[in-house]
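Naming follows writing order (A, B, C, D and E), and every chain is counted from residue 1.
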Amino acid sequence: MQNFIKKLRWPDYLIMATLFAFFGYIWLSIEGTLNYNWRWELIPGYVVGWHSGREEYFANLFLQGLVATIRISIYSGILALILGTFLGVARCSANLTIRMLARTYLEFLRNVPPVVVVFIFFFFLSQQLIDALNLERWARGIARQENNQIWTFFFGEMRRFPSLVSGVIVLALFESAFVGEIIRAGIQSIPKGQREAARSIGMSQLQELRYVVLPQALKKVVPPLANQFISLIKDSSILSLISVQELTYKTVELVASSRMIFEAWITTAAFYFIVCFSLSRIFARLEKRSDKR
Amino acid sequence: QSATQGLSSESVIETIKQDGVVRIGLSLFVPWSMRDKNGDLIGFELDVGRKLAEDMGVEVEFVPTAWDGIIPALVSGNFDVIISGMSVTAQRNLTINFTDPYAYSGLAILANQSLTEGMALEDFNKPDVTFVARRGATPAVVIAENFPDATLLLFDEDGASTQEVLNGNAHASMAAQPTPNRDAAQYPDTLVVPFENLYDQRGEAFGLRKGDPDAMNFFNNWIAQQWRSGWLQERHDYWFASNEWADQVAQ
Amino acid sequence: MIEVTNLDKFYGAFHALKNIDLTVHQGQKVVICGPSGSGKSTLIRCFNGLEWHNSGRLVIDGIEVYEGAKEIRDLRQEVGMVFQQFNLFPHLTVLENLTIGPMKVRKISKAQAEETARNYLDRVHIPEQADKYPAQLSGGQQQRVAIARSLCMETRIMLFDEPTSALDPEMINEVLDVMVELADTGMTMVVVTHEMGFARKVADTMVFMEAGQIVEISPPEQFFTNPSSERCRLFLNQILEH
Amino acid sequence: MSDLGISGPKGQPLPKPPVYKRFFDSVPVSIAIYTIVVGLIAYGSYAGAQGMGYNWQWYRVPQFLYRNTEIGFEWGEIPIGLVATIKLSVTAFLLATFLGLLVALLRLSGLVVGSAVAIGYLELIRNIPLLVLLYLFYYVLGPIFGFDRYTASILTLAVFHSALISEILRAGINAIPTGQWEAAKSIGMSPYQTYRYIILPQSVRFMLPPMTGEVVHLIKSSAIVSVIAVAELTTFGRNIISDTYMSFEIWFTIALVYLVVTLILSIGVSHLEKKYAVDQ
Amino acid sequence: MIEVTNLDKFYGAFHALKNIDLTVHQGQKVVICGPSGSGKSTLIRCFNGLEWHNSGRLVIDGIEVYEGAKEIRDLRQEVGMVFQQFNLFPHLTVLENLTIGPMKVRKISKAQAEETARNYLDRVHIPEQADKYPAQLSGGQQQRVAIARSLCMETRIMLFDEPTSALDPEMINEVLDVMVELADTGMTMVVVTHEMGFARKVADTMVFMEAGQIVEISPPEQFFTNPSSERCRLFLNQILEH
């Protein structure tokens, strides 16, 4: 502690003073000028609540939303990885048509705001797909069954399954563009000599990709992919605009019903922060460990 | 003969019967529909929807949807019918069909006391007066009609616009009674309901996809019946005129 | 085994190989040398289809090689190539580096492939390194693994592109020794190298290239003592000076 | 050798690769196939939407681009919104650059509290979704500091991007070899002078391409402020949709407008990148 | 001018300078040599505050140097430093490299600064390169610009850290010549170098360092002919062999 204080220099004190002033002002204006009844005491009940009808504890809006966000992130992360790998390989293809198609998809996604992309994908793609596959009816069938705990564990309330699917599809399509770029960079970072060596022992193009290029590329792309996954969790909040019942949407609902604007949004921000930040710490640690080996 | 048969077999009534479930699109809007402390949906719409399903002998499924996506969502088949306090406007009617009204609620102005001190009704119709409303909601249309010169800002959620008025960022908003009265009572120092008159008693109706006369007929008759039996009025009074449900919600 | 007639190769407008004629018979050892940029690498890379010639004929082991030829993958299984930069697969162990070709390309069983692989690791004198990763080996060891990898494909022709030029002096000899032993087994070899000691010991034909052309083809005795072209003499003087 | 290059070889002509391969690999054919595929996708979505009972009303779109009224020519909502978007983005970008520079310098300052604050700021901003950040600024900080929606949206965008920009700046500054710092110190320059005359002028070249990329990114993020009703392109788009219910037509138009703007910028970026890559 | 007493310096737990005592008088030329890693650079970097010592005293030109000392910037204007890697500012022309210090630090007018600069460019024999950028100059020219840059600050002490070791052999002499001329003007100089010819010609004191300690301080005659320590002798033998 002594040491710590010794290391401080005058700009440090200035910064501390500024921060104090900033938060002090916030505190004062909330207490004084602002017309707001804080009701923090209600927030825990909206995370885990006591159900007055069923007489038991249950996951209330926040927790439901958080679980949905995590589910959606995992599923669309996996889907985006698959799509992105195809896209990345297509971007390096020898065939001009394939390259141009991949490029078009990519540029469209990279140059249009996510909000707009999400709406377009939602109305144009996922909705059609769900109709075409008749997912609605299928999911409802399962929801009516007695033993649907497994389904519920993986997909939440089965009646909302189509909405989950469309959220996952939209997000995965959107993120696949970025995953694709990461994969492409990974593939292109493999020295030309590796491909030549593979070819010179008679491997076909597919074998070359499968046994030599991709295994090496994947190793290189794990750290950027991990970061992309964190971005994906954050981007999933945009799905609230197409009424997917994830954390942000649940917060919007809570705010609409209870007017606890400040408490609800701060809590939600905290949830996202905790999830994303701890993930980024974990990934950083894993990366360091694998470096050591 | 076959044409009419085709028409009725394509009716949404038919799919509802087949699936054994009616899917109702709604957007949260106190007290039409809201989340109670248990995180469950309650409100006027919910009562209407449940009763409707019960009378049809099917299950009911509510699909909460962001308000400005609710019409595209109906058109693209996310649900069968909108029951979400949607009032009938000509523009909307160009895209979807409406049944007969199942509720009549009048809108009242909710104003920020200090900003609107001593203003007469016509004073609100000035460019420096800011109204707020939910994007696509009835108040937005009514404000634009009645106060064409005032500035109108649109939000996604209802609570947000009230908070705007509360924080003094906007002069006034408009909402279906008794919400304005209740808000004014909760923040007596800041909010007032300056005028008694109610706007736009044109009524709220179910929204349906176009080209479905069977469904139209069914819903209209159902609504007429509920009016006659007084059930709609009774429920409307419970949600809009009483405060009995207030402790279920963290208002 | 290798028959080159009138071969020309362009990089865009740059004429990299000019009217090359060369024949390599079964069991022959050909050493190619020449100044940097003279097209040595380009030539032997054509031999296993890493580059394509633009005109002329190239027939290897009875198979005509040209861009898009169907038989090119079969050919590559017959023609091994050892690169200056080793190009081992860094994500695989030494043993896996040696078995992946036979297993995936020739569809040989794992057990059998490993047996062959250990055999060839013995041949290049590093049987004990089988389970290491390439990054854990010295340059000389890596290059010997690269040679073993080619041998595992049971190739009948081996191409070497300056196999020792990326190595530290101490390691050059380990690799050259292995190559000499390999030559003694009767393998057909085409070697680009500036190691004239090795060339003297092994080569039965010396090829000198300059500016995309073959300037001289002669047996080593003549090549080193009495080259017919002036450029070749100059080049040899420069090299042997060091 | 002939001076026509390729036509020069003297050897026999080669066997040609199979006809189908040459056909599919040739550039015009590739472009043709590409056009056909894209066309099919476009047609498929058109027909698909029609199939589900949607009446396309593209003829109603131009009125939102421009109008010829009695008063004369008049821009429609979409161009006006675009201008607003650009204004919003530029303001936010300038502010973000300033904030980002501040954070980057704090981070590099070696001050104990300074760099801790900078890192805390960075992590906080980076791990909260933009949408949630916007709600925080607007509903929570807005009333406290008394700023309106426009300020809130600019601040949100600026703060969010300042985190990204500070990393770009930091990388650019770190790319300058330490020898430059030492040389500047050894002729007696103060830290400020060193930044001003030696470090920043040199690091600009490293920063310019990613910074331009960040402008594109910011324009895209700016669409999100539509949820708090700030007048800009997406907001106007959503308002038009809520008036007319032509969701698909309007969304496609809006997407196209963004695409054109950001593509122009992106092409600029890749030019910059190439230019500096050659310089290196 | 420079007085070092009992100076110790640590990098973390690593003891880089151990109990250094050294005095340099006005006009004296000190050459420091010693094996790699012995702390030569560390020592002279302490002299103008690029590194800070942990204990002991360091007084330069009457100013006590320690971490955070207020006068350190004034001091740096008196003490010039020439680096092994030149460290010219690549975004400025040669002339701008020379004038930026005087103009921004000493607040001298542009015209006057340029005059001085051209003067010193003359002194280092490259007056014609004033408007080029550093990247357009050869290493030797760059190093001479670096020397001129220090001189432009009108420094009274010059520190050189292996100024010729990054140069090609032909260029070493151009730089050494300039340094010899500089020495002749009476400048106080501390030079880390392994150029023993230069040391013989210029130095009036030789310092030999090893493992963070000063092992020997002696006049050059004695140093080269009869060094008192064994290590120093070994080191000299090694160097002079080449």
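In this section, a contact is a pair of C-beta atoms (placed from the backbone, for glycine too) under 8 Å apart; a residue touches a chain by one contact, two chains touch by 3 or more.
Remember, predicted model here, so these are calculated numbers, not experimental data.
Using the contact threshold fixed earlier, the set of chains in contact with both subunit A and subunit E is D. Shared contact partners of subunit B and subunit D comprise A.
The busiest chain interface, judged by C-beta pairs in contact, is A-D.
For the pair subunit A and subunit B, the distance between mean C-alpha positions equals 33 Å. If each chain is reduced to the centroid of its CA atoms, subunit B and subunit C end up 80 Å from each other.
Averaged C-alpha coordinates put the centre of subunit C at 50 Å from the centre of subunit D. Counting partner chains per residue, subunit D has residues 52, 139, 143, 227, 247 touching two or more of them. Shared contact sites, meaning residues of subunit B that touch two or more other chains, fall at 69, 72, 76-77, 156, 160, 163, 167.
Here subunit E touches subunit D in the complex through residues 48-50, 73-74, 76-77, 79-81, 83, 85, 87-91, 100-101, 104-105, 146, 149-150, 153, going by the rule given at the top. Residues of subunit B that touch subunit D in their complex: 68-69, 71-72, 75-77, 91-92, 94-96, 132, 135-136, 140, 153-156, 160, 163, 167, 169, 209-211.
Those residues of subunit A lying in contact with subunit D across their complex are 4, 7-9, 11-13, 15-16, 19, 25-26, 29-30, 34, 36, 94-97, 100-101, 104, 107-108, 110-117, 119-120, 123-124, 128, 131, 230, 234-238, 240-241, 248, 251, 261-262, 265-266, 268-269, 272-273, 276-277, 280. Looking at the complex, you find that subunit A touches subunit B at residues 34-35, 39, 42, 45-46, 49, 51-53, 58, 60-61, 64, 119, 123, 127, 131, 136-137, 140, 159, 163, 240-243, 245, 249, 252-261.
The part of subunit D that touches subunit E in the complex is made up of residues 177, 179-180, 182-190, 193, 197-198, 201-202.
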